[in-house]
Amino acid sequence: MSQINMEVSQKDLQLNPNLKSKPDTLTRIFFQKFTKNKLAVIGSIVLFIIIMSAVLAPWIAPYKFEDINLLDKLKPPSKEYWLGTDRYGRDIFTRLLYGGRISLLVGFCSVAGALIIGVSVGAVAGYFGGIVDAILMRLVDIVISIPSIFLLITVVTIFKPSVANLILIFALISWTSTARLVRGEFLSLRTREFVLASKTIGTKSYKIIFSHILPNAMGPIIVSATLLVGSVILSEAALSYLGLGIQPPTPSWGNMLEDAQNYTVMLKAPWYPFFPGLLILLTVLCFNFIGDGLRDALDPKTIE
Amino acid sequence: MVSYIFRRTLMAIPLLLGITILSFAIIKAAPGGPVAMLMDPKMKASDREKFEEKYGLNDPVYVQYFKWLGNMAKGDFGESLIKRGTPVSELILNRLPNTLLLMTVSFLLAVLIAIPIGIYSAMRPYSPLDYTFTVGSFLGVATPNFWFGLILIMFFSVTLGWFPTGGVATLNAPFSLWDRIHHLILPALVLATADLAALTRYTRSSMLDVLKQDYIRTAKSKGFKEKKVVIKHGIRNGMIPIITLFGLMLPSFIGGAAITEKVFAWPGLGQLFIDSAFQRDYPVIMALTVISAVFVVIGNLLADILYAIFDPRIEY
Amino acid sequence: MKKPAWLLLSLMLVLSMFLAACSGGGKTNTTESPKGETKGTEKEETKNEGPVQGGDLVIGSTGAPTMFNPLYSNDASSSDIEDMIFSQLMGSDIGLNTVKEGNLAETYEASEDGLEFTIKIVENAKFHDGEPLDADDVVFTYNIPLSPDYDGVRKSYFENIEKVEKIDQYTVKFTLKQVDAQFPVVSLGFGILPEHILKDVPIADLGEHEFNTKNPIGSGPFKFSEWKDGEYVKVVANDDYFDGRPYLDSVTYKLVPDANAILAQLQAGDIDYYAGIPQPDVPTVESYADAAGLRLESGLALSYTYLAFNQRDDKFKDKKVRQAITHAIDRKAIVEHVMAGLGEVAHVPESPLSWAYNPDVPKFEYDVEKAKKMLEEEGWKPGADGILEKDGKKFSVEVKTNQGNKVREDIVVILQKQLKEVGIEIKPQIVEFSSLIADIDPGVWNFEAIVLGWSLGIDPDPSGIFHTKEIEKGLNFTGYSNPEIDVLMDEQLKELDKNKRKEMIGKIQALLAEDQPYTFLYYPKEFRAMPKNLEGYEFHPKAQMYNIHKWWLKPE
Amino acid sequence: MTALLEVKNLKTYFKKKKVNIPAVDGVDLKINKGETVALVGESGSGKSITSLSIMRLIPSPPGEIVDGEILFDGKDIVKLTENDMCKIRGNDISMIFQEPMTSLNPVLTIGEQIIEVLMYHQKMSKSTARNRAIEMLELVGFSRAKALIDDYPHRLSGGMRQRVMIAIAMSCNPKLLIADEPTTALDVTIQAQILDLMKDLSKKSDTSILIITHDLGVVSEVADRVVVMYCGQVVEEASVDDLFDEPLHPYTTGLMGSIPSLDGDVERLYSIEGTVPPPEHFPVGCRFAPRCPHAFDRCRNEDPSLITIKGSRSVRCFLHGDKEATL
Amino acid sequence: MSVTTAEGMNEQAYKKESDYILEVKDLKKHFPIKAGFLQKTVGSIKAVDGLSFNVKRGETIGIVGESGCGKSTAGRTLIRLYEPTSGEIIFKGRNIAKMSEGELRRSVRKDIQMIFQDPYASLNPRKTLKAILTEPMITHSLYRPRERMEKLNELLEKVGFNPLFINRYPHEFSGGQRQRIGIARALALNPDLIIADEPVSALDVSIQAQIINLMEDLQEDFRLTYVFISHDLSVVRHISDRVGVMYLGKMMEFASKKDLYEDPLHPYTQALMSAVPVPKKKGVQARERIILKGDLPSPANPPQGCVFHTRCPAATEICSQMVPEYKELKKDHFVACHLY
């Protein structure tokens, strides 16, 4: 049987020369397109290194992040302290590794939370439309219209700034853009012919949402998520500036940068702010580049 | 058009109500109150109660809200609880011009830099300069304001002495336009860098889209040179999606500059917002959220009007 | 069709420029005449060493004032400016003694029983509008907080006053309800308000009256000139000041909310005088002071920083445990590393500057072994993870402090490190100020331990914080109670003999030190940066503007 | 008759991952003055790329004319500078496109879009140009041209927009009008209007037309001569009568057989097997061979060349080629 | 299996129930236009405005019309993708116009399927062929899992597609191949009626013929009934048994293929036919062409009276005032025109 099939396939291949001999899986197309974007590839590699070193912090770090060595305050980078020390003589390299854990954890988890809220709200609004849509979108408008700095300050005050609460807070504040995006995608996808085809088959609504619409809306959702991770990391830094970020002595890139935003430090130890700043920049940059790459790679239009 | 604006304004009322309810609920849920600021070892609880009673802070929250709403409907934002006796409207009006000036200038700065860059990037995508602009604009977005601001002050103001360290104008000097501009440059620059990236990216992708359109091909087939094609046929079409972004940026007009304002001692509404939130100066906070919401409404309206101006297909 | 879009944008810009220009323009109208230079004088080219008139001094502040009425305002910035605008009956000197010199009181007499005070005021004092200041103004001022309609925050300062009477045009008599040793210090230090302006204002409305913000009129060395919210407050010399015209022509109180930016402004010369330099930054300021034309004056500040324990918590009920914790804390190291060495270790809730300071109290010096032993005696044994345990409960403490105070955050971090040595786990919690205050509110008491500071009054009475009666409604938020001390505290307030009172307060201090309701951490040293050529300056630990009318800028 | 445009061995390649994709691979084409030539083929045959190559509007970097000449009025367009080409585009050669809905700039009035060409190429003043634009609009059949000139394109239907496109294209009296599928997006009744208009205008102004279409009906309606393309090559060229009488290339025959007739019934449509291969997968030998029912070994190995037969027509096929070639 | 012609079916089924598999009676679909203050409904786009026709089992009904005439809306309303505004859709004796979605799913969905115009948009780009083709079977719990694969292979063979490709994604195939997949999906449930909405208009000429031939073959094999919607008069003529001509949401003329094409009665039908350019044939005189003035009026604001009168070369006074009756002029030849 396989022989017959092969024969037919030969002919098919000849008649349809654009058919490749091996089937293209979505993953492979994804990688082909993604790897075309050099910045995205570089971004992924750098981000991978950053994530791995954060994950492996306890094994890589030469010191403990809370180890204070008051005799070695604000030392410049040296053999002993690769990236120098902070105001308590703590090793900056170590704190960066651990800080990455917190910053990335907060970034990822908040965005995951924001996605859960945003996708649910957006999907319901976009798929069902009408009055449900109107009400949900007004809610989104309301949350968007209140200045985020005010929301951050007051909500942090209410919940107290622990890591878990910060994640909750960022999720509560940043779901709106996802909701709008998902709604838009749903609005346009629900009239697409393959969705209509599924309806004529008699497929139920929830199945259409999860099996047909959502997978096709994933591209923009993931892209916006990558951008959101960067902005959450920056928001955490801003909160730290207001003294409401991650609680010391637990390091985060944001509170390290805030700690370094000090006249004395900036005059006498300019390398200190440089490193957390660089990592925030790199991470945000990587996420943005990856987002760009994902946009192209996940766009169903470009698959076709 | 007029009826459209009227309708939109009416439709904004539920939005405004929603915003005030949510803000009121949040700020009341935050522990502490304005009197906490007035802590004094000699102060007695009874004194505090008197104060709270006077300002109705012991009423149930919904009563406070409706009282506030009633006054606001009459155009009365009340008086500050911290700067007692100062009408909230006065506090805000004092600072509104500063905020508007800073935000408008930084916004224009961002627009003036971002749009040409975005257009260039779209015309020569994936060129070395395009990559440079991309990395450069993200650099701006990934640098926290508070840190960038201080760096600029230390370098340009303290070390080089090129710019003032902060404030809106030189103390005790007569008004001079140059002096005001001089004070504006650094904070506007800090704020603009944050918006720059988003604007550049949007312009780029929007222009990329436009340049693929059929009418661009038509314009080329008319024999126009690339520059003329892009300028005359591309830009106006490319700006249409950017207007949405303008609309989205407007909510940040009030609160968005808070940190930059603080670093540059710029007496704007953002700082007032943060201070009031920390001090639980409820009337000020509520007035600012209302103003911010009004800004959003006006911003969206303005965006709609701009849409109509840029895009003749849209009629109201 | 394209034009309107750009027109609209440019219109917006022009409009906002115009609005801003208007507010700027307003400024030029109210400023007397532009004084070009901040330093130096032009008028008198005298070569002798005597004081010289002229100049504007720019004082920096991170806090913004709220209003200028001493009976209602309650923040440091407001009182800085009130100190310049208003004059008061009595004040304190740099040795913290209550004095009448330089103030409105010309003579000051107390009756035998200590219930009546007769004060004669100077006859040449005038308000800034030219009206003379007399007994009517004093009586008027003191009757405000005595009124039941008064809704300000200062009522308790006047609670003990029975009545205030005018004896003659320049003499007033205060009658007290009971003997009060701190009366002259606490109650007579308030600025006198002008009766002729405010007499018709209902007292219930006084807190909101525009006198407080738009047009405060006092009799102090400087006249209110202009307040630009969020920017600066400007005062100009009062030529008719009863103690002589100030040498400075004007003082500009400039607001720079960011603590780091203010140091940059100081270095750039945009600020001449700043009293709030964080101790860790003092070496930095010192390093650029010379180049920026600055000098630093320093002295102990009238305050102390502490670690307070919630004594409703089982862990802290026992004073042995509290003592052990103090033993475990290396306060010298904290001063050394957090404060750049600029402070002194504290043992009692009173400044060494005070006449009532008792250096001879029980001290719990840094001794980890002793701390461990004491804790073990109390039943705290190290668990598997090295953290002490008792009855299955870990010795884990959440230590709160307020957001926005870097030094306190640093202390918590170091405390965590130090207390870990004895097996106590510290969980830092940095809380926004308003909500921290709500946490220590009577009835709430939502904290285990807390790092804060108390700013001290000139009078050494400690009862506001440690008296049992202050638990329910006052500031004894730790719930500390010692009947023996309560009695002593009540008695010392009635003791008019300063030496006897000093002895009683000293005893209280010793008992408090023994009980350790707080771990008293340190007394900070305060540094004030000012122009090198500022003369006539005296360091007063409580008032940064002390005798400002005597300050003058020496021509270079 | 003199040739207005002569395309010789035009090769337009697209570079994709360093591979050259021969979208147009050696096309020869000739258009005489006043003549209407139809370029026929399915999607992927390279007909649009050919027309864009003539306009020098191939998106470059990826696209590039790698070989051949395009002689227009004796000048080789391929060698012109971009500046000189700008003077020809829209003036001597103009073009209309398939999608009238998107080919007009939505934010400019119809008038502006006509006037700008006149001001640019004919150096007219704004008011003269405006008058001329009104004339042009009247010429393409708008009765209320004066009102229409200040309208925006979105107010017009597809047919009206295509007429505006024609007005723009004809405003400078071009020598050659390239119409790329001008009626494909239009309804039949509208298509009839547009085809009539084009015929009419070319007669009046002696403009040569290169019409690109896949619709053989349209071809027979307007063209004098037909060029059939397949896979980037010309496979057959003939006068319109000859072609419909006796298509020579198996592809042309197949194409004609595939179209259901409006007049008569056939039980079953003829259908060509398979699909047009994309340019990166053009087969060796005759490019139609894999789909050709008459293909023999030679077709699969050897590339047939375009040869002239019967004097006026040519075909690229071994079935016809050899007899004539040996002559 | 023998070829069952429409007539043959007709005779057999006549005695039993109704010989029509589908009867459409005065079907209307109006889309509301919202405008003004508070977004009230101020009018409606009368996309389909009183459509009546019937479909016999086994035949192919062609529906032609220019873009915007409502033919696609009609198709989607028939299959209840749009809620009909009014009218009846009687499918196998039951009115499905007002049926609940649940009941539709249980009893009707399986029997009516649709083939869409755009072979690119009608297949979910993120699903393999296997997933696309088994979805209908899974939804209706048809066959056991193993049988599904067999059925699937059978289906693919029927549409001329190599079953080897079932694990590939739609983007790997050309338009013609995708349209085959779309057809296979529609067949997966063994439907009685297939509504084909412009199934070949997005395809190249040579592919178009392949698909038309395939559809004809499948009709025989599966005893299918087609409603074939297209703007292409030649294609409709080729495939249909009876043809309806729509204009602005209304049926202008409805007749057997022969009647309609050889003797079109309605002026619109005549104009439409004359406008189609046809390849020249030797000796055949070019037909006289009727060029219609202007464009299609907006369906939101259709002309009074006969909707075609604004463009009709034969329009008279009455046409602008009265809506012409849709009447059976000859046997099975319906027309809505005042001329008759």
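Residue numbering begins at 1 within each chain, and the chains themselves are lettered A, B, C, D and E in the order written.
In the analysis below, contacts are C-beta pairs under 8 Å (C-beta built on N, C-alpha and C of every residue); 3 or more make two chains touch, one makes a residue touch a chain.
Predicted, not measured: the structure shown is a model, and the values here were computed from it.
The minimal number of chain-to-chain contact steps leading from chain A to chain B is 1.
The chain with its CA mean position farthest from that of chain E is C. By C-beta pair count, the most extensively touching chains are B-C.
Averaged C-alpha coordinates give centres for chain A and chain E that are 47 Å from one another. The mean-CA centres of chain D and chain E are about 33 angstrom from one another, to the nearest whole unit. Inter-chain spacing, taken between the CA centroids of chain B and chain E, is 54 Å. Contact with two or more other chains is made by residues 30-32, 146, 150, 154, 236, 278, 310, 312 of chain B. Within chain A, residues 16, 18, 153, 157, 242, 261, 263, 266-267 each touch two or more of the remaining chains. Across the assembly, chain E contributes 174, 177 as residues in contact with two or more other chains.
Taken in their complex, chain A has these residues touching chain E: 5-6, 8-9, 12, 16, 18-20, 23-26, 29, 192-194, 196-204, 207, 212, 215-216, 300, 303-304. On the side of chain A, the complex with chain C involves touching residues 66, 68, 70, 73, 87-88, 153, 156-157, 160-161, 242-244, 247-249, 261-264, 266-268. Residues of chain B that touch chain C in their complex: 30-33, 36-48, 50-51, 54, 79, 82-86, 91, 94-98, 100-101, 104-105, 108, 146, 149-150, 153-154, 157-158, 161, 164-169, 171-175, 177, 180, 236, 262-265, 267-268, 271-272, 275, 278-280, 302, 306, 309-310, 312.
Residues 213-215, 217-225, 232-233, 236-237, 310-313 of chain B are the ones that touch chain D when the two sit in their complex. Only residues 260, 263-264, 280-281, 283-284, 287, 333, 336-337, 403-404, 406, 409-410, 412-414, 416-417, 428-432, 434-435 of chain C touch chain A when the two sit together in their complex.
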